[in-house]
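Letters A, B, C and D mark the chains as written, and numbering starts fresh at 1 in each.
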Amino acid sequence: MDLEIHVVHYLVVSTIMLICGIFGFFTRKNMLATLISVELVLNATNINFAVFNRYLFPGQLEGHFFALFGIAIAAAETAVAIAIIINVYRNIKKIMTDDVTDLNG
Amino acid sequence: MQQEVTLALIILLMLVADLFVKESNSKILRVLAYVLLVVQIAVNIVPAETSAFEGMYHSTQMASVVKTILSLGTLLVFMQADKWLGREDTSFKTGEFYILTLSTLLGMFFMVSAGHFLLFYIGLELASIPMACLVAFDKFRHHSAEAGVKYILNAMFSSGIMLYGISMVYGTCGTLYFADAAAALTGTPLQVLAMVFFFAGLGFKISLVPFHMWTPDTYQGAPTTVTAYLSVISKGAAAFALMSILMKVFGIMVEDWTLLLGIVIVLTITVGNLFAILQKDLKRFMAYSSISQAGYIMLAVMADSGQGVASLVYYVVIYIVANLAVFGVISSIEQHSGGKVERDDYNGLYKTNPRLTFVMTLALFSLAGIPPFAGFFSKFFVFASAFHTGFALEQTGYWVVVFIALVNTIISLYYYLLIVKAMYITPNDNPIPTFKSGVMERAGLSICLAGVVFIGLLSCVYQYLTDTALLSWVS
Amino acid sequence: MNILSLFVLIPLLMLLGLWIARSLNQVKGVMVAGSSALLVMAVYLTISYISLRSGGAEGEMLFVAEVPWFEPLNIKYSVGVDGISVAMLLLSAIIVFTGTFASWKLKPLTKEYFMWFTLLSTGVFGFFISTDLFTMFMFYEVALIPMYLLIGVWGSGKKEYSAMKLTLMLMGGSAFLLIGILGIYYGSGATTMNVVELAQQHIPEWMQNIFFPLVFIGFGVLGALFPFHTWSPDGHASAPTAVSMLHAGVLMKLGGYGCFRVAMYLMPEGLSMWGDFFLVLTTISVVYGAFSAIVQTDLKYINAYSSVSHCGLVLFALLMMTKVSSTGAILQMLSHGLMTALFFALIGMIYGRTHTRDIRQLNGLMRIMPFLSVGYVIAGLANLGLPGLSGFIAEMTIFTGSFQNPDTFHRVCTIVAATSIVITAVYILRVVGKILYGTCTNKEHLKLTDATWDERLAVICLIFAVAGLGLAPFWVSDMISGSVEPIISHLIH
Amino acid sequence: MEYTILILLLPLLSFLVLGLAGMRMKHKLAGGIGTFSLAVVALLSYLTAYNYFSLDRTAEGVYPTLQPWNFEWLPFTESLHIDMGILLDPISVMMLVVISTVSLMVHIYSFGYMKGERGFQRYYAFLSLFSFSMLGLVLATNIFQMYVFWELVGVSSYLLIGFYYTKPEAIAASKKAFIVTRFADLGFLIGILLYGYYMGTFTFTPEETNLMGAGMILPWALGLMFIGGAGKSAMFPLHIWLPDAMEGPTPVSALIHAATMVVAGVYLVARMFPLFIAYAPETLHIVAYVGAFTAFYAAAVACVQSDIKRVLAFSTISQIGFMMVALGVCTSADPHHGGLGYMSSMFHLFTHAMFKALLFLGAGCIIHAVHSNEMSAMGGLRKYMPITHITFLIACLAIAGIPPFSGFFSKDEILTACFQFSPVMGWVMTVIAGMTAFYMFRLYYGIFWGKENKELHAAHTPHESPLSMTFPLMVLAAITVVGGFIPFGEFVSSDGQSYPIHLDKTVAITSVIVAVVAIALATFMYAKEKQPVADTLQHTFPKLWRAAYKRFYLDEIWLFITKKIIFRCISTPVAWFDRHVVDQFLNFMAWSTNAAGEELQPVQSGKIQSYVMWFFGGVVVLTILLLILL
């Protein structure tokens, strides 16, 4: 059995992550959980960048750097998001997405 | 590069100033912000083509002009924010407001002058993360927080999708430099997918249908000044960025993205209009209006020509002044009447505040595209550019899109007139009482009004933009 | 400075003056000065145009001037007039002048009213002097939008609904126009926006076939083309007097003028494909409007439907494509503008006194307000085409001209359209008989007074113009047919 | 003869003066202005007639056709233009004399008749307007000018019928008159348009080549013009307006609805006669049949009417029918062979104008005296109003065709022409002439003899009218007496050449016998106070009598057409369609846009998840679309 891992395998993983992330976002009601799901999406792309760089274009570092920046920015985003979610919690004492539907129509 | 550097310096200066200025003296900060922003505009008034970081940063003359326009718009927003920032519950956050706003502006600068997807991505995030803070700025209003959370979650999701698209570009091209990627792209299905994903990310910022769903909620919940900023500056920058990337990077897939745009434009304008008709809350109403306006802006992108570039920037300029005039009036009334933003509150406004009503009327007419106000000219040129391309390519599909857009102007006229009707015609026993707005608000509105009236009539603006567009986009 | 630009400049100065004016008297002073200046200018222009032509001046347009505006799209501020536009300018000046007096006592917000009114006039004058498609279109829309506020704020009845309907329908028409203008511009090679120069270019036939109907309908909406006329009854009924006058008198003429100058002149091949179709529509307009007018009970509705019929006749005559019929169409615009303005002025004055326009509640007015009643009879007679008044001239020119087109289908349409002169008599006489004659049964009405001096001035001016055109038609007719000729010969070749 | 322009200008001027400033004038001044201008016009007309007929005849033996004035009023094309001018030829000069005479008489008469009426000045203004238009009509140099003035006379007739504008009947009558004639004018207009296009000119003398080339068009064009003429001249079935038009002041009826305007149709046919006879003889014969039927129909109706003005109105219709018949029976332009009708028609027009005006003015005096139009209010008036009685009798004898009164001569010529055309036509017309004599004498006896309405006359004794009213009666009576001896054929004939009138003895004797018998019958039936025969007849044929009294229900048909068909069946549905279909369609579009917005609104639910689903769904769908479409 050939255990060599191809680029495709990585992509399958990243795609599964992406879909999990999206699915999680769709289904989880807790805002923190949705935040985690978004992280999955972002990480799926980071994997993509790393894998493409490593396997397809090994001579350069663009993908790696992109992945690094992506991680950093995702962290920043998460921080802000959590801050705002806390703010929501302070105001209405709930963090379920179904509870923040005051603005609609 | 000069523009970004000076802006970054300003941000640092404001940061330092914020540290040392006492809360009670927040006025100093406001003055400082005006002065610095004026200086920023003044020193960068001459557009220049610059390149840095080995081409990761590449600012064309047009981009430079756009940046100046964005700075000007920001200045107008600041002027409108004057009263709001002076309020007790926000004055202690004055410095933060400026820093956050200017940071997003810096992000937009990078966005419009990126030469590499990484820089573009950083710019985009720099523009949207502080924006989330701004949206949730009114800490004790839960609508503000709700708007903020909707914005940030949607933004994260969309940036995830966009990043996925960028990763596909990287995977198929092996480079993230715009110029190299453009050469390497061939239009395979995977690349089409990448393009759509990327498009969705920017479509989110411009609030194109179906990526627009956050817009009304966020616009309604955010502080009015921030809504104004979000609706014009952020949207304008994203539109320009989208256009330059579609034209520069995805040039090979022009047929794909014009079709994509065609569908999206029709959807955007129609859906925006259909929703706008029913809105009672003016901020929410303006959100839908801005969605449909975004559709018109995209017509210029669809044109895919120098004429289109000039028309787009021209449209953005006029959209900025007109929309800011409307938001200026809305915020002015909101601040002076204790938070009234419903359309019914405006009934009979003409009797008590004729001048504000007048500004509002002209601005709405401009948005509806009625001559002799500027909006008419910008709409005309946008239509002309899209029509021209359709003619040149002998594709009547362009004409159909233009036609649908034109038919939609009637619906939009209807809802703009509803506000005019409320202000002039609908009788009201207790209209909002007469008030005197602050110097800065008035100055801001006067500038907007002048813009609404004169930018269209004075052809030099369009001429200048066309010349610049030709210089930047010799294709 | 080009003399034509004064027609836009004077209203703009009036706007400025109104803006500055502080008291009611100042406002009225500005209006009287401005509208008189416009009238004098228009008369002067007419005289000098005729003398230039008789002096042998060549060229389709006279008093031409051109300033580049948006050069990337070859948009210029270019002005010039031929006989048709001169006639229209004269008409507009007369109606703006009389309209000012017809709204002499209007309240409230008099100043604002006159500002919008003046803006509307700016658009009208600008439209008629322009030879550049873009400028023309711009002024066209400038003329439309003030209608909304003028009707909405100062109107009566279900004014909000009417104002909205009118604005949306007319702006809908202009949406059609805009794409049509783009089609013309690019189709002709994107070298010029000037109408006269565009006519020399050739637009591909397939494009003409697409854009002709769009432009024709676009202008036709304003010209009350069936089935796009329904804004007219409601709009006119709700509008204040002077606005109805200006709207029916001048604005509706923009439609016919545009159809002729833009749609037909620039797209002759499209015309030959669509001509018959639109001819049927206009024929329907003519007869349908007249029949609808018979059963109306509101004076303004009667007049509005009558306008549908008469403006339909304008488009009808244009589509006949002979020199005489087109001359007749322009004459009809002139004549209809004057007499319908007279009608609306009188209806407004009667309404201002009796507070009703329902013909079932009015009777015996002849005894109570003889001046207004006689004016009404004269307007009615002009409307049904009494020789010596303007309506006859126009209708006869139209029918004679239409008969110059030897096609049987056109003949049949002409005969059908000609029946409208009988139907017109029916509804005009019905109204005259009902409201003016008989004995007044309403006690309230017995106390009413006849016209005041400002009203008399307006009415007399209009009657004078109607009769002047009717008695001495040759000079106008010459002036117009001289200018129609190049356009028609362009269409036929 | 440039001075002829004054004939048109004076009445116009007088109209303008009276119309603009009349309300400020005293009655006498206003009436004086009108009458004076008409007197001058009449003098000028006589002068014109004298001068014209003393001109030398041309080589062909005809009087020259003069155009002292002609200018282009409204140009259409090189050859087609409406000119305004003055055309002098025998018939126009003849008409000039007739119109100015009758008009002058009516002007004088109205002084007395309209004395003290409200709107006296307006009345004179309208009379002037009418005189102007009628003179313009007959002097027209081209068919379009004729149409212009044709419309103007229509309007002045409208204004004058509706002079008593507070009377509902007057309003209705004026409206009806205008609309019916307008309807007929539509035919006239289309006829003119056809004529103008194919002849290339509006003048009465088109180019020969055009005439030859027109083919079947010309009969059609002329026929359509005749419809216009039929409307004005009250030919069946377009006559319905004329009896109602009697609601106007009686002098107006005398002037417009008896002597001048109503014969405009005859004049029109006479004017186009050369073309009719040469290119459309069949159309001309249709004119004859229409005229004959109208004459019969109107005579039948006139026999039972009780309103004296109605009787006279139907009598007018009937007599115009005679004139039309006379024109229609012409078969050639040669007066000796089938062209006699032309001259006789014009002759009858002339004599009829005089005696019918006389009858109407006389009726005016009677109405003035008893304040009623109904015969029941009259009877036995001969002793109260001798002048009126005598003049009325003269006119009755004239219309009945008793020599030596003028009517005898003209009617005799007409009957001769009819017999030349066909014996059937001749006999029919003779019978109608007899009916004329019958109903006229029925009227005469009803007014001046018969049963007197004593009650009424006791309350208000009838009296003779003032001189201003009787003077015109006497003048007209004098003309009626001597008019028949005018050698009319000298001046007017179908080919223009001098033509000596000679009586056809057989025809003359027959017609006189018929007339005398008819008069005798009328005397037998109506001269007494008790009228057993008439009553018996009325009771024997109640339906027929009723139908005739109701004018064979034509007015009901008219009402049916206007109220039911035009108003209910066309206009109301059209207006309904406009409001509920065309307009509602637009409202529906607006509504559906709104409804679509409302339906869509739940999509914007406020839930973050649904927003993201739309986002992602949009991305996926768009990608798939792009991949499929391109």
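Points to keep in mind about this one:
Everything below uses one rule, namely that a residue touches a chain if its C-beta (ideal position, glycine included) is under 8 Å from a C-beta of that chain, and two chains touch if they have at least 3 such contacts.
Predicted, not measured: the structure shown is a model, and the values here were computed from it.
Distances between chain centres, each the mean of the C-alpha atoms, put D farthest from chain B. Set side by side, A-B and A-D show the greater C-beta contact count at A-B. Closest to the protein's overall CA centre, chain by chain, comes C. Averaged C-alpha coordinates put the centre of chain A at 27 Å from the centre of chain B.
Chain D has its Cα centroid 97 Å from the Cα centroid of chain A. One inter-chain figure worth recording: chain B and chain D are separated by 77 Å, centre to centre, where each centre is the mean of the chain's CA atoms. Measuring from the averaged C-alpha position of chain A to that of chain C gives a distance of 65 Å. Shared interface positions of chain A, i.e. residues touching 2 or more other chains, are given as 25, 31, 34, 100, 102-105.
Shown for chain D are the residues that touch two or more other chains, namely 590, 601, 604, 606, 608, 612, 616. Listed for chain B are residues 149-150, 153, 157, 161, 216-217, 278, 414, each touching two or more other chains. Under the contact rule defined at the top, the touching pairs of chains are A-B, A-D, B-C, B-D, C-D.
On the chain C side of its complex with chain B, the touching residues are 68-73, 75, 134, 138-139, 141-142, 145, 148-149, 152-153, 159-160, 164, 167-168, 171-172, 175-176, 178-179, 182-183, 185-187, 190, 210. For chain B in complex with chain D, the touching residues are 149-150, 153-154, 157-158, 161, 189, 192-193, 196-197, 200, 204, 209-211, 213-214, 216-217, 255-256, 259-260, 263-264, 271, 274-275, 277-278, 411, 414.
On the chain D side of its complex with chain B, the touching residues are 590, 593-594, 596-598, 600-601, 604, 606, 608, 610-612, 614-619, 622-623, 625-627, 629-630.
By the touch rule above, chain D contacts chain C in their complex via residues 23, 72-77, 80, 82, 144, 148-149, 151-152, 155, 158, 162, 165-166, 168, 171-172, 174-175, 178-179, 182-183, 185-186, 189-190, 193-194, 196-197, 562, 566-567, 570-572, 574-575, 578, 582-583, 585-586, 590. Only residues 165, 168-169, 226-227, 229-230, 233, 288, 291-292, 294-296, 323-324, 327, 364, 366-367, 370, 381, 384-388, 392-393, 396-397, 399-401, 403-404, 406, 414-415, 418-419, 421-422, 425-426, 429-430, 433, 436-439, 473-474, 477-478, 481 of chain C touch chain D when the two sit together in their complex.
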